[in-house]
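Below are structures written as structure tokens.
In the two complexes below, subunit A is the common chain; its partner is subunit B in one and subunit C in the other.
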Partner chain A sequence: MKRTLQDFRKLIRYEAISVLRARWLGLYGVFFAAFTFALLRFGNDPARAAASLSSLVLLVVPMISILYASITWYAAEPFTALLLTQPMSRSAVWLARWASLSLALGGTYLAGTLAALAFEGALYSGTLLLLAVGVLLCLSFVAIGMAVSVCFADRMKGIGAAFALWMYFALVHDALVFAAIHAFQDYPIETPALVLMAINPIDLARVGLLLGLDLSAMLGYTGRILMKFLSGGAGPAITLGGLVVWTTFPFWLGLRRFEKRDL
Partner chain B sequence: MIEIQGLRKSYAGREILKGIDLRIPRGRITGVVGPNACGKTTLMKCILGLVLPSAGTIRVDGRLIDPAGGFRRLIGYLPQTPSFPANLALQELIALLERLREREAPRKRELLERFRLQPFLKQPFGQLSGGTRQKVAAFASLLFDPPLLICDEPTAGLDPVSRVQFKDLLRSLNAEGKTIVLVSHFMNEVDQLASELVFLAEGRALYSGSLAELRARLGENDLERAIAELFAGESPRGTEPS
Partner chain C sequence: MTSKRTLSALLLLAIGIGVGPPSERAYASLPPSSASELAVCPDCAISTLSDAISAIAPGGTIRVGPGVYRENGLEILKPLRLVGDGRPVLDGGGAGTILRVRAPDVEIAGLVVENSGSSAIEDRAGIQVLDSSGCRIRDNELRDNHFGIYLGKTRSCVIENNAITGSGRGESAAGNGIHVWYGQDLLILGNALSGNRDGIYLEFVGDSRIIRNRSIGNFRYGLHFMFSNDDEYDGNLFRGNGSGVAVMYSRNIRMTANRFETSLGGAAYGVLLKDISASQLRDNRFIGNTVGAFLEGTTRSRFEGNTFQGNGWALRVLGNTDSNTFTGNSFLANTFDVSTNAGTNLNRFERNYWDGYRGVDLDRDGIGDDAYRPVRLSSLLIERNGVASLLLHSFFFAVLDQAEHAIPALTPETYRDDAPLMAPPPGARR
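Right after this comes the complex of A and B.
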């Protein structure tokens, strides 16, 4: 662990420089700034603006994070091999890649959205929660994207699997949950629904935002069922904690795979 | 310098290396040749720790290769297709490598001059030509003056002038006492540079020994023909180099 952190400190600066200089990253930040600004300035209802912004964050942040992590992983593979011909641990390379991608994507989202919220005077506990959830989603989906990519030697298969996973979490999961709950409507469904929410980081984030922003409009089916369980003070903490688990678990799984992966 | 015993490697149920025993002697240039997909690059990557063997051991300068990678301080690696982050510049790469090795690169100035890389110090790698990137890779592999240099098809992307210069560089490095492992498709290149030869085919080392001994055994001066004879299975196995 000590060796990993030592190597990480040597590497992170250059990994971060390399990622942060990507030109499109600026566009990503401008996109969030412009969208947030437009919603707040031209929307009549602040609650609806927050709901729209939350929907955008739940869809776009995971998609960009998982795809960019996967694409970057494959593009950097020869350089990863070069790094590993130096006296350097694999875990440090893994940690530095995750940290630099998370810093770049999470930081850009945060800067763009925060700037627009501050400009419009819309900084309050709900929107701050939106910022935190967006950053956590970014950390989680970067880890998921890297973990998926390290399992596939073939670039197209890896990126395809990352995209399919995002599709599942963002779109398919709720439909399946709806079908399952409909099929078992005569039985108590609260505990299974809690489990179903926990296995989808986007659902976790959605419920967390729902609790913070008090927005029933953006409830997914799973979220609606769980609202009554998580509406106490511990609700946001539980969902944010779930997102932390959704970051550390794929990070750890991916690292285990990377340590045995041939390059 | 490198001792390999019983090295095996399988990918998806297919055995690429089928029990390789080799000794690559110190202070010589050893050419590693063989037909496509015979396991040359896999063998080199096993030595570097990039590919994890299914069985067998590899020792570099007596040190068993391990995941911690300390043995890599002894090795400079020149890959077949070098690639660097498009947004980093050469001077940043040098700084990164110096940080990773925790010391200043001893041959930095000399190598920058030799490869004529000073004009490219601040230019992002994304703006450099393939040939220049190949030179950067050669530069990086020699930066810390390693006693062992592993070159995988090092001249494949170079123009004829750079190719000649690179061969001269390998000769001079060898004259300094460095051990060089040269993986190449170009038989004439191996013939010109190497004194030792490893011939791989179908995952096995069909010959490892000195080039002079191979020629003497087969009565064949032309290396390409000698290799063809070996491949046809008409020759005895070579002896291990001393």
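Right after this comes the complex of A and C.
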């Protein structure tokens, strides 16, 4: 354990430097800053802007995180192989890779959005929740992207699988949930539907944001049922906790595969 | 035969006594009184309100000094003024209606009236006015009464600047702040109402005005009309009530420049219109409600210059609603603009500003060149199955809405604004 930490400390410096050197990472941050700024400045309502911004974050952050993690994984494969010839614990290598990618992507997102929000004076509980959810989504999808990549030796297959998985979480899962809700509409399906939300990190993030940003509509038909589960601060707490699980679980799965794999 | 005749004579006599205006009856039984002005205070010669009320001459003034008066069941049977100085407290001790007025032209001002207790059998109130006219109830504070001010069969009364706080025991246990049963030509002005079942409840009330009241945090409705026609409410604030205002089974109600805010919940509406006709909503603001305005069986009414902002649903329009006109309204930052359970639209939407409108205005006349369709597919899907609201703001719903927008298949084709405004009308603030 102690050795792992020592290795990690050594590795993270070089990993972080190599990841942060990527030029278009800056573009990623500027994109969020510009988009947030434009929404707040030229939109006609801060609440509407926050809703649009959350839609964007829910779509873009997972996509970029999973794809970037996957592409980086394959690009760095020779370097990883070289590292592993050294007396180096594999968990340290895995952790350093995840931490540096998370730091780079999460930090860039956070810096870009935070700068624009602060500049427009739009920092309040709703947008702070959005920032936190965005960062957690990033941590989670970096872990998912690495876990997928480590399972495929072939680069194209790996990146393809990562993209397909993003597609599933972003779109297909909700379509299936909707089909299920429709098929079982004569039954009390509120609780199963909530469980179906929890098994998708994007849905988890979205429901948490809804509770923070768009309470009035959420309190409509399903309001009472939802409130029973998520009353008070429980909603955001469940979301944030769920996303932590959605980070550690793929991280652990990927690490197990990485430790056994012949690389 | 004789006994029968005696009996009918007795019966006639009894009826004779019962008939006749209540006030006349009352005067006859009162001891003669002469003072036209009396002072009451705990240390005065007259230390109870009941003594003062029997001693005062009709039309006289009773000045009530500061202190606590533990009295209830006070009956005012002649015109008089009852005026508190230094907020004297009239504590009913939970034993029933505290002040009951059965005479014309009575004024009650500056009192704190509290603790009528509640009962399942009788309607207990802080101040009750029955079968009379010309009353004026102003600047009082009513606390912990079942009903605050109760008017039964009254006309031409003014209820002004009272603060009425209910017992706060929930919808079924609390009474209404101001409760009117059969009334005509009333003015309810500048009162503050909270913690009641309904802030103001009007049943069979006509030609009355409800102006600049603040109805906040009542359990059921801020203001409630039942079977009341030709009334007007103007400049009121309704915030955080079960629903803001419910107008039911009424016609010709004018609703102007009110604010309906933060009514949130499963059946919470800024304004709930049920079976009403020929009414007007003008320049009102609906902000942050689950549903801004709910229309059921509403006909021949006009919605003009209202602003709907940040509601879950700005409008929920049921299929039995027809021949209404919506024009010059602004729809800003609502999750859904309109939802409906109907396949067709029998109302007219024209020249409203919808912030979701994406069309262009090539001839620059301020009116968009394409129609705006305010009913989104996702709102229809949620309307059919509420659990689907878990998918609000999802990419999946966005894709469905876009597809439906391109090729409408499921949303009602006739729900549209053919002349959407490009900018909010000047009245709508952001």
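Methods note: the second predicted complex is superposed on the first by the 247 of 263 C-alpha atoms of A that agree within 3 Å, B and C clash if a C-alpha of one lies under 4 Å from a C-alpha of the other, contacts with A are read in each partner's own complex, and residues count from 1 in each chain.
By definition in this document, contacts are C-beta pairs under 8 Å (C-beta built on N, C-alpha and C of every residue); 3 or more make two chains touch, one makes a residue touch a chain.
Since the model is a prediction, treat every value here as computed from it, not as a measurement.
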Exercise. Classify the contacts of A:Ala51 with the two partner chains as first (subunit B alone), second (subunit C alone), both, or neither.
Key: second
Quiz item: Who does A:Glu190 touch here: subunit B (first), subunit C (second), both, or neither?
Solution: second
Quiz prompt | Most subunit A residues touched (candidates subunit B, subunit C) | solution = C
Self-check item: First, second, both or neither for A:His182, with subunit B first and subunit C second
Solution: second
Quiz item: Which parts of subunit A are in contact with subunit B and also with subunit C?
Solution: none
Exercise. Sort out for me which residues of subunit C touch subunit A in the complex.
Key: 264-266, 268, 288-291, 309-313, 332-333, 335-336, 355, 381-382, 384-399, 430
Exercise. Report the residues of subunit B in contact with subunit A in the complex, numbered from low to high.
Key: 11, 45, 48-52, 67-70, 72-73, 75, 77, 79, 81-85, 87-88, 92, 95-97, 99-102, 124, 140
Quiz item: Any idea which subunit A residues touch subunit B in the complex?
Solution: 3, 7, 10-11, 14, 17-19, 21-22, 76, 78-79, 81-90, 259-260, 262-263
Self-check item: Residues on subunit A engaged by subunit C in the complex (per definition of touch)
Solution: 44-45, 47-48, 51, 54-55, 58-59, 170-171, 174-175, 177-178, 181-182, 185, 189-190, 193-194, 197, 203, 206-207, 209-210, 214-224, 226
